[in-house]
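Have a look at the structure that comes next, please.
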Amino acid sequence: MGAYRHFPVLMITIPMLGAVLLPFLGYLRKRWVATATLLPLAVSAVLGLLLIGRIPADGYLSYELGSWTPHFGIEIRVDYLGLFMMLIVCGISLLALVFSMRYIEREVEGPKLTAFYVLFLLLSAAMLGFTATGDIFNLFVFMEILALSSYALVAVAGNRNAVRAAFKYLLMGAPSSIMVLLAIGFLYSVTGSLNMADLSTRIAESSYSEVLIVAYILFVIGFGVKAALFPMHMWLPDAHSIAPSPVSAMLSGLLVEVSAFAIIRVTFSVFGSGAENLIGGTVDALGIFAAAAVLFGGIMAIIQKDLKMMIAYSTISHIGYIFLGITAFTAEGLAGAMYHVLDHGLAKACLFLCAGSFIYVKGYRRIDDLKGAWRQMPWTCFAFAVASISVIGVPPTAGFISKWYLILGNIEAGNYFYVFVLLSGSILAAVYCFRVIYYMFFQPPKEGAWESRTNEASPSMLAPIWILSFGTLFFGVFSYLLIPSLLKAAAFLL
Amino acid sequence: MRLLHNYHYIGAVILFCIGLYTVIVRRNIIKKLIGLNIMETAVFFFYISLGYVDNGIAPIRVGGADPSKMVNPIPQALILTGIVVAVSVTALALSLVILLYRQFGTLDVDHLMRDEAEEAKEAGE
Amino acid sequence: MPGKSSFSVIPLIAILLPWISLVVILAVPKGSRRVRLWVCFLGSLATLGVVLSLLPGILDGNSYTIKLASVVEGLEMRLTVDTLGYYFGLVLSFLWMLATLYSISYIDHKENRFFAFMAMCESFLLGAAFASNMFTYFIFYELMTFGSYPLIIHEETAMARRAGYKYLVYAISAGTVLFFAIVAHYFWSGGDLSFQELGTLSLASASRGILMTIFFTYLAGFGVKAAIMPLHGWVPDAHPAAPSPASALLSGVILKAGAFGIIRVVFFVFGIDLMRQLSLFTVMAVLACITIVVASVFALTQDNLKRRLAYSSIGQVSYIILGLSMLTQDGALGGMMHLAHHAIMKGCLFLCAGVILVKTGKKKISEMRGIGYQLPITMICFSVCALAMMGTPPSVGFISKWLLGSGALEAGLPVYIVILLVSALLSAAYFLPIIYIAFFRWEGDEVEGGQKPKLVFGKEADHKLIVPVVILAVLTVVVGIWVTVPGFPYSLVTKIVNVIF
Amino acid sequence: MKKIISLLFISALGVLLLFVVASMPRMGDPESPTREHVIPRYLENAEEETNSPNVITGIILNYRGYDTSGEVTVIFCALACVLAILGREKRGRIHSYVDRSPVPASPVVKTMVRFLAPFIILFSVYTILHGEISPGGGFQGGAIVGASIIIFTTIFGLWEASRRIPQKFRVPLEGSAFIIFFIVGILGIVGGGNFLTYAWPNIANNLQPSVVLWLTIIVEIGIGLGGAMVLISILFAMMREEEAIAPTA
Amino acid sequence: MATALNVVMIVLLILSAILAVRAKDLLAAVIIFSVYSLIMALVWQRLQAPDLALTEAAVGAGVTTVLFLVAIFKTHREEER
């Protein structure tokens, strides 16, 4: 057992240590705070990359903290999907951090800057911890850190709308976290253990079925609010469109996916597909909500005027995609959902960062201000086009592969209505995405809207945008790197 | 029936519903936060009553206390963390309330949301 | 496949060649116009050369294959040049070379963008032609939609933008329907999307209902590009809006890509006996007949020359589908031959329309009185191709009509011959007036004894415009007469048909 | 109208929960599922393994130490959030603004508080140090210290209180809780076990129990101190009435 | 006898929760809330959870109530209609 077994824990705790030390550094030298935040995230990203080869597709790395025998201490369990999620989190938060180093001076006043970077580190560290734990209560603790830091990051801009959106988010988020705590209580009262693996064996043989069903429903409601599943999504459009762009990139690109991943872990690792009879009803309801989310999100995105609001609604629609993958209960469906998590994270982060650079350079937030934008900012517009093509799901991009497996999974599961919903969802996506590309490239600019010569946002803002959009293409073409092992991991989970 | 025997649980559920009702219905946001705290303490109360054993003793091994009659320590360990979480959520929410009052001058949710509707209309066209 | 299937990198080179001209344009956007555009032309010429280099190998039956990338064992991007793929690739690169030559002098503003997207579109089409399984075909097919969109809205007039928007709406919805068809096909054929001679699906793999739905979603998906009647909406708007070389390619090749897809589905995915068992061909035949007749009637009413030619293209492409739906040797032979013949004829007609537009700026047929005298060579070629379209003997049109007729007889369905005759009459009805107006009417001919203008040969349009038109006109006649010359469509198509039947 | 709908929804949820609670195992019976699996192990040998008679402190700091490190991060995150929303006061500048104390304190209250404060702080130090023997522990002690400072601030005003506990003193201590956890974690790794094993590298294993005891005490103090400083900073940030948070449009 | 005391305490808890929520003046509401958390601490003491009783008293009654007081002081005392 090499030293690599310590890596997952270090990946989680090093950014936390960074976050804790940052105020002290900020107290001494303000200027270094921005660059200093890069270090811990970079370290955990490197550790994650080193872990790639180690975890077999259908195996997992289990690590008891405090080296107690299993099920007494807390266990960190990183399986292939967990590592896949952790690497996405590291990658996108690093890029969002690089983007925000220049962007955030304009959005957040001086004294709050250190607090912003501390929260950024805490958010990404909590996401890593959230995906890696093998213990339910620990899941709740990390979810609480996630929630708190995302409420504050939405409100960090300090203007009227930001504070109101943050409070609305808090009013919906706090009760949902309490429901998760209640659900954990129910599970504990019936099974007597908190470790996920131990739980799944005990649930299989437990006789208190009503308690388990209601516990699962509370879990779905609790994490559903965080993942902005359809009926519980009201907070997302305001929060994501008003928050500063790197923050909304993190929220839309990662937080929503991580909560969806939590539902995957609860559904498959804790309740396990063996408990079909227990959670069957709720999973079908989840499917219907997901279908409604795809259509609702798509239609609302079409009628939006503000660019970030449109992208926020498209997040709601794409969360519906991911849940349709989960409720199919087939290996292809789950692999498609996970690949869509990757693709949607990359594409949505890229879209928000592009919107951020438009706001940074010209201060335009509405879509019809973007007419003829490619004359002045060709690189950003091109990256925006590539990312939105991946959102639609056109062949060379990762979106196509994930749409392929989502539909394949649903056909295998036999629910054709969801296949129809997925297809119409991608048509809706084509409508609202292409509308923006159409404005950018093929419409003449309003007079004086855009200068003729190219003056882009600074390279430190442009590089992350380009890496993200290139990522969607890379994972579209070289999908054979991930898909076979994702399928194996999904089969292992089922 | 077993329900009457677990009267602690009934108390917890009633408190939970009172808290949830306050969070949803009450118009003053500080009242909402009080409701939130009531919900949280209700869940904590549920956890602890889970761990109770008839005429058990506190889980402290001092002077030959007999382990088998001890109360279940795990829910209490979890709730210590839970209380800290509850305090931090309340602290965050209250600082948001202070800033909201500074920005909007009102604590009433309907006034806050009404401005939002106007602004949405004004931002609409 | 009698010949051996050998690995060769040529199909990949053929696809990558057009990108070279793309790189040249991006590398030196402001360089001298002549050098840039001629490099693009050389790029397309080189592509044609590479494709021709495969001809001897294909003629004696072997095929070339190369694996690009694979997602999962059943799902891979693989290029295989079999006879059918090669035939479409040859027609495609030949016409593209002529169109590039033609558009060097035709396109005046924003030529960088036009040539770049034209080269990109050509490489995607070649990829689709050489695709060895439906997955690769779908990927290139979708990319081709996005590659050809800028060609349509090149002129950036409001009308062009609306036409482009309509084209996209049709293409994206077709793409989604097609996506469902492919995933269902992948699932029910147990992960095997490749093209086999006798079809991969069979009654064992799925129930009748599912096979029917897969076939109809494929038909709908490809039908939009093959402009089958209910789904043809975008064609009459796209052709007049696009610049002439683009609309020549559009009707000559891009419409054919849809038909080519249907050929792949009918013969290589479902196979003839499955088609007969499911009796799917009757639906295809009915749709094709409706399209032929209705499109020709619409063509009559159109005054704008390009719209009339667009409607006639819709009708002619349905000839191919009619030929396929006969499921007989001659019918399939006639249908596939018509693919090349119509490309040559319609390409020439659109290029002539382009010359008329450049020289006289006239779009409406009614204004073209006496144009034969101003542009004699163009109008002569126009008349030759128009007559060929009607099916007059020495030309290519005649051969394909003849084979379609004998196929119909072989299939024992005389009603198709009636359809063929009616459509020949209708095409005569909308082509002859153009020739009549061009030659037998001239300005001021109402006044009795008006002086007939003399044929003015000298100052035709720029030679780069005329040469492609003349080549195409000559081809319609030459291919019509010496049918069995090895390089010509007949030799290739007989090889395909022998393998299928 | 909204009231009736929410009333219906809440009562429906309540009935559902009651139904679930009714089907739960009887409260208080020793053989319920929660008892027979993990609990005996904790209750029997918690004292030998974690060397703290108070089983709960043993669980919190040792068996489930990772949870408590998460909890400490939560409270630190709450501080970071409050500072992100309300912003911290300028560095080094003693609060020079006029600050009215919330309650017009009469001299009686002032003398009472000045007299009581040391005893409260003494009691909280006791709670922190005796965490593993008697009920109480790191965070309770910190909360009590925090409460005493808060009473002091409400009576004597923020200006007076922040003069006694300047920002220079608070900032490094706020993060101390998690830093100590991290150090203990790294010690565990260096000492051969997994993260958060209470071990000191290369010492004879007969000294093992005392090592665990000492580390537990250090962690207790860290949590107490960190918790107190965080609560105080949160309070100072919330009570601050300064032009820095002028209502921005 | 013990269960009677428990039931009385729980009823008291529910009563104080309802009162805290319905009180018009916010200051009164917060004070009743701190009474509520004190009773809760006592109930936990009866359920043999001494650690938690101390925490709930110190944090629930102590810190939370004061945070609410600060918030009320900074904003508005009465609840608007």
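Labels for the chains are A, B, C, D and E, by order of writing; each one numbers its residues from 1.
Basically, a contact is a pair of C-beta atoms (placed from the backbone, for glycine too) under 8 Å apart; a residue touches a chain by one contact, two chains touch by 3 or more.
For each chain, UniProt lists the protein as follows: B, E = Cation:proton antiporter.
Owing to the predicted nature of the structure, the values given are computational and were not obtained by experimental measurement.
**Student:** Chain by chain, through touching neighbours only, how many steps does the shortest route from chain C to chain D take?
**Tutor:** Shortest path length, in steps: 2.
**Student:** Which of the two pairs, B-E or A-B, is linked by more C-beta contacts?
**Tutor:** B-E
**Student:** Indicate, using Cα centroids, the chain positioned nearest the centre of all protein chains shown.
**Tutor:** A
**Student:** Can you check how far apart chain C and chain E (Cation:proton antiporter) are, centre to centre, with Cα atoms defining each centre and the answer in Å?
**Tutor:** So the centroids are 80 Å from each other.
**Student:** Express in whole angstrom the distance between the two chain centres, defined as the mean CA positions of chain A and chain D.
**Tutor:** Measuring from centre to centre gives 30 Å for this pair.
**Student:** Centroid of chain B (Cation:proton antiporter) to centroid of chain C, CA atoms only: how many Å?
**Tutor:** Computed value for the inter-centroid distance: 70 Å.
**Student:** Which whole number of Å gives the spacing of the CA centres of chain D and chain E (Cation:proton antiporter)?
**Tutor:** Chain centroid spacing, chain D to chain E (Cation:proton antiporter), equals 19 Å.
**Student:** Mind pulling the chain D residues that touch 2 or more other chains?
**Tutor:** 17, 23-24, 34-35, 38-39, 42, 54, 56, 64, 67, 70-71, 74, 77-78, 81-82, 85, 135, 137, 139, 234, 238, 248
**Student:** Give the residues of chain B (Cation:proton antiporter) that touch two or more other chains, as numbers and ranges in rising order.
**Tutor:** 8, 14, 16, 20, 49-52, 56, 58-60, 74, 76, 78, 80-81, 84-85, 87-89, 91-92, 94, 96-99, 103
**Student:** In chain C, what residues contact two or more other chains?
**Tutor:** none
**Student:** Pairs of chains that touch, anyone?
**Tutor:** Chain-chain contacts present: A-B, A-C, A-D, B-D, B-E, D-E.
**Student:** Using the touch definition from the top, list the residues of chain A that touch chain C in their complex.
**Tutor:** Residue positions touching the partner: 389, 392, 394-396, 400-401, 403-404, 407-408, 411-412, 419, 423-424, 426-427, 430, 434, 438, 442, 477-480, 483-484, 487.
**Student:** Mind listing the chain E (Cation:proton antiporter) positions that touch chain B (Cation:proton antiporter) in their complex?
**Tutor:** Residue list for chain E (Cation:proton antiporter) touching chain B (Cation:proton antiporter): 3, 6-7, 10, 13-14, 17-18, 20-21, 26, 29-30, 33, 36-37, 40, 43-44, 47-52, 55-56, 59-60, 63-64, 67-68, 70-72, 74-76, 79-80.
**Student:** Within their complex, state which residues of chain B (Cation:proton antiporter) touch chain D.
**Tutor:** 1-3, 5-6, 8-10, 12-14, 16-17, 20-21, 24-25, 49-54, 56, 58-62, 67-68, 70, 72-74, 76-78, 80-81, 84-85, 87-89, 91-92, 94-96, 98-99, 102-103
**Student:** Provide the residue numbers of chain D that touch chain B (Cation:proton antiporter) in the complex, in ascending order.
**Tutor:** Going by the criterion above, the answer is residues 2-3, 6-7, 9-11, 13-14, 17-18, 21-24, 26-30, 34-35, 38-40, 42-44, 46-47, 53-56, 59-60, 64, 67-68, 70-71, 74-75, 77-78, 81-82, 85-86, 133-135, 137, 139, 227, 234, 237-238, 245, 247-248.
**Student:** Where on chain A is chain D touching in the complex?
**Tutor:** 5-6, 9-10, 13, 16-17, 19-21, 23-24, 27, 63-68, 71-74, 109, 111-112, 114-116, 118-119, 122, 125-126, 129, 135, 137-138, 141-142, 144-145, 148-149, 151-153, 155-156, 158-160, 163, 186, 188-193, 202, 206, 208, 210-211, 214
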